[in-house]
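The same chain A turns up in both complexes below, where it pairs with chain B and then with chain C.
This part shows the complex of A and B:
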């Protein structure tokens, strides 16, 4: 015990002040470094698309600097926008996406409300089941699905394969589970007292959903809508498999099948088509970005 | 306006009995407060009256009708929640009128009811604001306004003031009392705060472990508690309980607290406790205000003694003193000028006219 001494001299090393802000400055520098790196990485393809879309076929195949446009032309745009075929793809895509979004919302919002709020036998299992369906990749699902529609066509005589509206049955298998899952999380974060207050005020379950839950969870709802739209708009594998006639194609498949003739790639128009195809989601994101972020983060913390 | 009756009401969650057979009659216009520690079943009882929880057993009657299977919206009740539960996307006026709009009341009547309630609660200026633009106290007023405009048979309050700071709580307490004096609606109010219970209630229902310990007016509970739980729960600082023994010394009854400390009981008390002189395991229950500084001319039944103070707490209008009797801490309230200081002796007196005698085993007040 006698060897125990207490050092009362205080710290010998000089205390550095302002280290907090120095840490912060370095953290910021690193964030910027990685953000810029990532921005370059993900923005290069669209920029290359834009550059290529402004070139004529001759200039694209000429051995000049591919990152510069020497003779800018809008001919690709004019040609595509005046081609009935391209407009047909565009409309098919638009119809499919809008209807799929509507179907998805009509199914997943009430489903999420039921799973989040009404405790019934098997509700927890069902909620997990909804999530599990989302985990199965579409590249595994398309063969059995194709078989199902073929058998359905044989039995009933109603041919769905190679019609654009077959996609209305298929896309929801991707969008409904995910949107339901987002909405479950969002609804679950609404305090229980809010629906109890509504019930005491005399609201039915349906009125509680439409007059309380949907308005309160609007950011989540918008996030789910954007997601459903993006998935439908950008879907490639399913339409490639299920539709073949040119008048039934949606935009991503249409561009590939009509602008690549054998081994001849019409690069200028492919890039223009892709760029024009990317425009609608881009516009929607730009307007609803704030809602989308609020919705995703709220869904992330709860549920 | 209606009376509310509970008959042997039980609530079971799987194996756990949250409420174990409650009988309670609440008269029309009455303000009844359910009070108890958390987990005593008071909120569950309230939620069963509201219809938000099913009743496992027993009957609940509102206005003479059994409402066991009546959905909440048809029970004609209004509820105020602890976290206000205002609809965040609606203005104050929309929040208050939501129930009326669902029932398709005429627009003019909705407007007049909302205006009237807003005036009563002094929130007329806030009528077009959203809940997030309001302070806690204002939100609480809106939640009350939402209940008032419905003009229900019964108001149910579920710890409505717990989210407010202490000062605002006192203010809103008075506000609630004023509103009740004006609208006279039968009210059931749940709180864990015994001060709130005492100040608001016509009658207080003290609950513990899913049972009712005692029902009575605030004064009855304070002066004539039925059990040790009620005696210790009501009143702050809490009642002191000191193990004691009764000694019959030739017709005079004494209460012995320690080897050296014994007091003669006043005649009225002695007559009442005579039969208990052979009982073991007794507790002397005495409220802090009946342990005060010794005065020169003591009333009969006020017995002086010396105590070594452990800790003193000056409160301004009084000083709380703590001392130990055979390992039991006792609290007393003395005049701030009595010279009480930490670690010094002080001559105190105990008013045995206000003592209670409890059975330590059963907790019953004898």
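This part shows the complex of A and C:
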């Protein structure tokens, strides 16, 4: 077959060129066509959230065209944003996520530094262990963790189950391994000469970390921070297991357990709540997309 | 400077026999600092990951009231129940078909994005990654509303094509389809991003060489793109297999395991039995069945990553 092509390409070179670029133009058109299809597929649920959130309950139950808003209203937003319960969920989520991000960074950055630069006994094993921990899913640990905290409460009298701050102990198990792992990758890519120069100039290990490593690996640090925030904001299983009182719930669980009452689905409010719950990660993503994607791809390619 | 100090310490220790000072200095210099820096990480993993993992092995051997040791009693009980085998079957169907479709869709979309001029890729990539960014619990609610039996936007649209109302979450087969569809929607962008990064790393010369040899587009994909991306495809698929196999949010919100347990997978059934049914030991036993598959996938990922580490 290849000889056949060579025969043809000799004399009719100009024509071949033209056909190649025409092929490319067609390929481009087809690419755009399919990309539009895929974009519609990807964006249908969020857009449908927005459409429904602008409808009144009357319009939803009238079963008019679901893809169009005839009488747009902000009443769902006003109702949710003035409801103490919803704001409570929002604040719980915000506090949990911010504190978890802080804890995660405080644990994983020094650990990653030590594992990437200060080779010590067992450091390679520990790095592998960190990676394996990242592969352990939440659905494997929620039952023993729940029982552990219940037993802990019985023994010490410190009741942690059904308090929002119990999540501060549990979320780091999801965020720390991944953040440590990608920070090891980023730190390891910093040239050794840089920290050797700092040590020669008399810097301590701590100074090397704060003055050299953190500024140089700042993009990685931002990616890890975004990851930790989105994971703690989106986590659903642990808060569903650990918290039940309505004033202790975080946003995803709060929306699902309080806005869905029996068989009565107030879809306008549910979609508004879901959209508001999806807003923080979406906003972060809109502004820091490159860091977001760097963190996403680093997990599997670094190291 | 570290080396110098260390040398002089050792020399001093050898000369005067005061080994302890040298040892203490060495510890203070490096290992001790490193140990202290990793201590919180070690404690976190030991107390909140390793201990619970072992604890769940212990829990699985207790009776429902957690007062008596029953050995493999819980497992024997599970093996005799039809629901358990249904869950095993469904977990495998769910995970394998969802991962295959995610991988295929991600691969195709990544190619289309790669075809588009470089300055427009950012915009497309940004739009196509949105499903991955929205918390799955929130987007699954939107899907639940799209699937709604009486006011369903999908059935409304399909009715124009003369396709009758589809029981998206009411019928066992359709419910399984819906759960997989939502999972593919959520997970395909991750594959797309990983493949796109891999596609960009394939040198253009290889394609030029293939084109000169007269390879058509299929041969270019089969003989150039796929071999170059083999490693990243393997790692992404294994990662996704772990995450999909352990999925909870989507099934829980979309169908809660229904109709009649026909969409339950390990995680949702463990939750139903262990937390809602307050039979903690049985729930722990159910979730332990995820371990073999996860372990196999983890071993393969680890092998790939260490291999790459050695090559680099």
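Throughout what follows, the second predicted complex is superposed on the first by the 252 of 303 C-alpha atoms of A that agree within 3 Å, B and C clash if a C-alpha of one lies under 4 Å from a C-alpha of the other, contacts with A are read in each partner's own complex, and residues count from 1 in each chain.
In this section, contacts are C-beta pairs under 8 Å (C-beta built on N, C-alpha and C of every residue); 3 or more make two chains touch, one makes a residue touch a chain.
The structure displayed is predicted, hence computed values, not measured ones.
Engineer: Considering only touches as defined above, state whether A:289 meets chain B (first), chain C (second), both or neither.
Structural biologist: In the superposition, A:289 contacts chain C only.
Engineer: Going by the contact rule set out at the top, does A:271 touch chain B (first), chain C (second), both, or neither?
Structural biologist: After superposing on A, A:271 lies in contact with chain C but is clear of chain B.
Engineer: With both complexes overlaid on chain A, does A:194 touch chain B (first), chain C (second), both or neither?
Structural biologist: After superposing on A, A:194 lies in contact with chain B but is clear of chain C.
Engineer: Now for A:154: first (chain B), second (chain C), both, or neither, which partner does it touch?
Structural biologist: It touches nothing on chain B or chain C.
Engineer: Identify the partner contact of A:133: answer first if only chain B is touched, second if only chain C is, both if each is, neither if none is.
Structural biologist: Only chain C is touched by A:133; chain B is not.
Engineer: For the three-chain arrangement built by superposition, which of chain B and chain C touches the greater number of chain A residues?
Structural biologist: If we count touched residues of chain A for both partners, the winner is C.
Engineer: Taking the superposition on A as described, I'd like to know which of chain B and chain C A:141 touches: first, second, both or neither.
Structural biologist: After superposition on chain A, A:141 lies in contact with chain C alone.
Engineer: After the superposition on A, what does A:170 contact: first (chain B), second (chain C), both or neither?
Structural biologist: second
Engineer: Between chain B (first) and chain C (second), which does A:215 come into contact with in this model arrangement: first, second, both, or neither?
Structural biologist: first
Engineer: Just to be sure I read the superposition right, which of the two partners does A:247 touch: chain B = first, chain C = second, or both, or neither?
Structural biologist: neither
Engineer: If you lay the two complexes on top of each other, which residues of chain A touch chain B in one and chain C in the other?
Structural biologist: Chain A residues touching both partners: 199-200, 202.
Engineer: Going by the contact rule at the top, pick out the chain A residues touching chain C in the complex.
Structural biologist: Touching chain C: residues 1-2, 4-6, 27-28, 31-32, 34-35, 38-39, 41-46, 48-49, 52, 60-61, 63, 65-67, 106-108, 110-111, 113-115, 118, 120-121, 123, 126, 128-133, 135-148, 169-170, 172-173, 176-177, 180, 199-200, 202, 205, 230, 233-234, 236-237, 240-241, 252-253, 255-256, 265, 267, 270-271, 274-275, 277-278, 281-282, 285, 289, 292-293, 296-297, 299-301, 303 of chain A.
Engineer: Which residues of chain A touch chain B in their complex?
Structural biologist: 191, 193-194, 196-203, 207, 211-212, 215-216, 218
Engineer: Where on chain B is chain A touching in the complex?
Structural biologist: Chain B residues touching chain A: 50-52, 71-73, 77-79, 81-83, 85-89, 98-99, 102-103, 146, 150.
Engineer: Show me the residue ranges of chain C that touch chain A in the complex, using the header's touch definition.
Structural biologist: Per the touch definition, chain C meets chain A at residues 1-2, 30-31, 33-35, 37-38, 40-42, 44-45, 48-49, 51-53, 55-56, 59, 105, 108-109, 111-113, 115-116, 122, 124-139, 141-143, 145-146, 148, 150-153, 156-157, 185, 189-190, 193-194, 197, 213-214, 232, 235-236, 239, 242-243, 245-249, 252-253, 266-267, 270-271, 274-275, 280, 283-284, 287-288, 290-291, 294, 297-298, 301-302, 305-306, 309.
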